[in-house]
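Next up: some structures, all given as structure tokens.
You will see chain A twice below: alongside chain B first, and alongside chain C after that.
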Partner chain A sequence: MTNNGRKIKIQVQNLTKRFGDLLVLNNISFNVYEGEFLCIVGPTGCGKTTFLNVLTKLHPATEGDIYIDGEPANPQKHNISFVFQEPSTMPWLTVEQNIRYGLEVKKVPEEEIKKRLNQVMELVGLKDFRNYYPRQLSASMDQRVVIARAFAINPDLLLMDEPYSQLDIKLRYYLEDEVIRIWREMKRTVIFVTHNIEEAVYLAERILILTPKPATIKKEIKVDLPRPRNFADPEFVNIRNQVTEMIKWW
Partner chain B sequence: MNAKASPAEIFSRFLPLTSLLLIIIVWQFAATGGYFGKSLPSPVAVVNQFVDMLAEPVGKTILGGHIWASMRRVLTAFAVAVLIGIPMGLLMGWNKKAEAIIKPIFEIFRPIPPIAWIPLAILWFGIEETPKVFICFIGAFIPAVMNAYTGIRFTDPLLLDAARSQGANLRQLFKEVAVPSALPAIFAGLQNGLSLCWMCVLAAEMVGAEEGVGYLILRGMDMSNPAMIITGMLIIGAVGALIAVGLRYVERWVCPWKREISM
Partner chain C sequence: MEARNIDVKSEISCQHLYKSFPGMDGNVTEVLKDVNLSVAKNEFLVILGPGQCGKTTLLNIMAGLDSSDSGEILLNDVPVSGPNPNLGLVFQRMALMPWKTVMGNVSMGLKFRGVSKKEREEKARYFINLVGLSGFEKSYPYQLSGGMKQRVGIARAYCSDPEVLLMDEPFGALDAQTRYMMEEEILRIWEKAKRTVVFVTNNIEEAIYLGDRIVLLSRCPATVKAVYPIDLARPRQFTDSRFLEVRQKIADNTDLAL
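Moving on, here comes the complex of A and B:
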């Protein structure tokens, strides 16, 4: 497995999750490299949400573990950011307070908080909206607050769970480009889960394809195309077809 | 409001006033027409009665004194209910064990109207201030507990996950996510509780009191003075409305994110 000389950031080892007799995740192991953009696709209902909840330690794994820089992952210690599918800004906090929240929980010094706030708000174009409440924003702006919040804590690992599935197609294209731009600027490690194959090929450096439940890794595909990527590029179409073929259940 | 109002808008803004005016006119005619004998005073008589009572004492004190007597009971009871009820509701909503212990008790007491406590309250506490405050306390306590409880219970699990994934510990989840998200529900409970409190104080005063707005109404009946009764009723309505408005201002101040969208 080549990795352009990058070091391993995240190790997922033998991750298994059972609910009673129901096996949802079956012995999943993979690595994510420092600063990598990894997409995970799988058929609907394959246990993606469970997978993410276990990865972020919101739920305990039945077996196996996740290591960040060689240490068992711990939300109180490591910076793990989660961008959820539904809007998850705190309605009672302003845009700025929402972004600050994680930094304050982590007891980042005030100087540093201010610096990062300015940086991410500039990056996602929310500077003029810092004192707005989420309900005063549109859906896409709200999701940008969540993305800003996620990047602000300089995450060791950023997990995105179908973050754009609720948005219309125009905004989705726009925010896909946005997230790539921010990712390149901030140089973070991203795991992006989606059921949209085209989205995965557009974004990912590497795609992991999951099998239907119980989920395990079926195949790994490298996407080595220049950015910005072109949906009509024959190579793009080729990879997309490859992934589609792999995910077919009919 | 910077756009100029069209004539139709101005008209619709005056509609409520028109209907009020209509009621007063009908009332005036009904009273002077003598269809109700002496038991329906005219609006003018009520206004005169009101002005009289501002300065002339009824029983022990003037109108202001009676209003204050009722308010004092309501505010005392309300303060105690809030201080005990909200922490109790929060605890019940957050802690499964506390919920299991406290909730069944509430399920029994909740459907009993506060007024049903009056006889027991009098037996227990006599006829002084305590039973009246106690009745009001029951009125405010139950909505305070129940709304704090449901407010916490209905905290969006996604927001809890979002905070947890950012490293928040249990105490922070409670203080910084569950409580703020429950605040609007808590305020709705306070709003309910305060108006219930105000109703309870009247009922308690009508059973036996020497001052208070409830006493005024009853005194009006004893003295066959319907103008005094109606004045009392209007005062009750006005004070109740003022209390509600006041609490709404407090809510807007505590929960600014609930404010109407306006730049």
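Moving on, here comes the complex of A and C:
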């Protein structure tokens, strides 16, 4: 399987997770291509959080594994960024220190840290706020710090867990456009998990649809629409309805 | 100042509300600026506004939980001066008592008003059934999902038999899909037990799905920016072209609070 001639970056193979007798993830296999923006949607309670925790190696898989560039994923070797649903800046650190933190953990040389800090702060428009603390920022600026921090380590894989679900629509549109702009600039591989079907259609190059628990992949849908996308475009609406039909439990 | 937007026969109305809060730096933050609106009996009115624009402050003042600097709230032409049993509240964070069962939570308002146990349980049972929680009377909040907890919150607000239900982003903490389900549910409940509803949200889709009318607030300090009657037949379809048209129109007129 190729995707515009891109090579495979991430391979998820036969991923299974059990808690005692409870099967949560059932033999999930898929690939993510280098530089791809992949969205994963599934019905409420399908095991999405477990899925992310296993993908990031926060929890061990019961069976199966994840490979990055053909090697078993290893958080010490590979750069994996995670953007959470809840605000996750460290309140006792300034904007710059928040972004710097991951780079220091990864022992990036000081020269390089300075270069990347400037690059990402420029990209998300935080240059003038480098010495501010999170409490001095608005919700959207706080989110931008988190995004900048996630991209700064040049992640092999960037996982985003419903980062915009609590924001109002206009702000969400704005930040969705921002993340697409930054993704295009930084050319990273992104897995974006959401409950919001419209958001998935707006962002994704490809959508994976999960079944109810135990989760497995139900269907893959390519979204080949030009950007910026228009949620009222008939083709957009058509894909949205199609995905909704496959998930709808309510 | 002329009293536009005010209908004397309205059930509840806000007249020239102003509110400011002192900030940490000594400056005063103006939150509400001459807010006027009126809600007709049994109307489902949605107040829509960007994040942190003052929506909750407005609803708290309408509920009598906070006071305005000037202006007033009229409930059937009588000024509201504090908490009032005729105003039922549903909160975003549910605010259920964790040590009380579903029955205990729903019937609590009646208990405070001295209604006998038999009578209040009978009434609570009716509303627990209405919100689809029959069989869960003895469950505790921690045993319920987010959507179910908010059903308890709605039943509790109904149980005191208020004339007006004030709902402050009741579905804000739910995921997008559970939210769709609860939006269908709240309309079903409202059709069965008609009340005047003032529903606050920052979600344009939700506003158009639910409202008879939408009052759009500006960003802080909040003032009424526009009023949109929504004359789409119910149940409304989120991807219907007219729905999307209205949504675009309102989104274009909404302030972006960065």
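Heads up, the rule we're going with is that the second predicted complex is superposed on the first by the 247 of 250 C-alpha atoms of A that agree within 3 Å, B and C clash if a C-alpha of one lies under 4 Å from a C-alpha of the other, contacts with A are read in each partner's own complex, and residues count from 1 in each chain.
Simple rule for what comes next: a residue touches a chain if its C-beta (ideal position, glycine included) is under 8 Å from a C-beta of that chain, and two chains touch if they have at least 3 such contacts.
Computed from a predicted structure; not experimentally measured.
After superposition onto chain A, the modelled positions of chain B and chain C are compatible, with room for both. In the superposed pair of complexes, A:N241 makes contact with chain C only, with no contact to chain B.
Touch criterion met: A:A232 reaches chain C, while chain B stays clear of it. When the two structures are aligned on the shared chain, A:I153 is found in touch with chain B, with no touch to chain C. Within the superposed three-chain model, A:Q76 lies in touch with chain B and out of touch with chain C [touch as defined at top].
Aligning the two complexes via chain A yields an angle of 70° at the C-alpha centre of chain A, spanning the centres of chain B and chain C, rounded to a multiple of 10. Across the superposed structures, the minimum distance from chain B to chain C, using CA atoms, reads 6 Å. Partner chain A is touched in their complex by these residues of chain C: 50-52, 172-173, 175-178, 180-181, 184, 202-205, 239, 241, 244-245, 247-248, 251, 254-258.
Contact residues of chain A toward chain B in the complex are 56, 58, 75-76, 79-82, 84, 86, 88, 90-93, 101-102, 105-106, 133-136, 149, 153. Note for the complex: chain B touches chain A at residues 158-159, 161-169, 172, 176-177, 180-181, 183, 255-257, 261. Touching chain C in their complex are the following residues of chain A: 43-44, 138-141, 162, 165-171, 173-174, 194-197, 199, 231-232, 237, 240-241, 247, 249-250.
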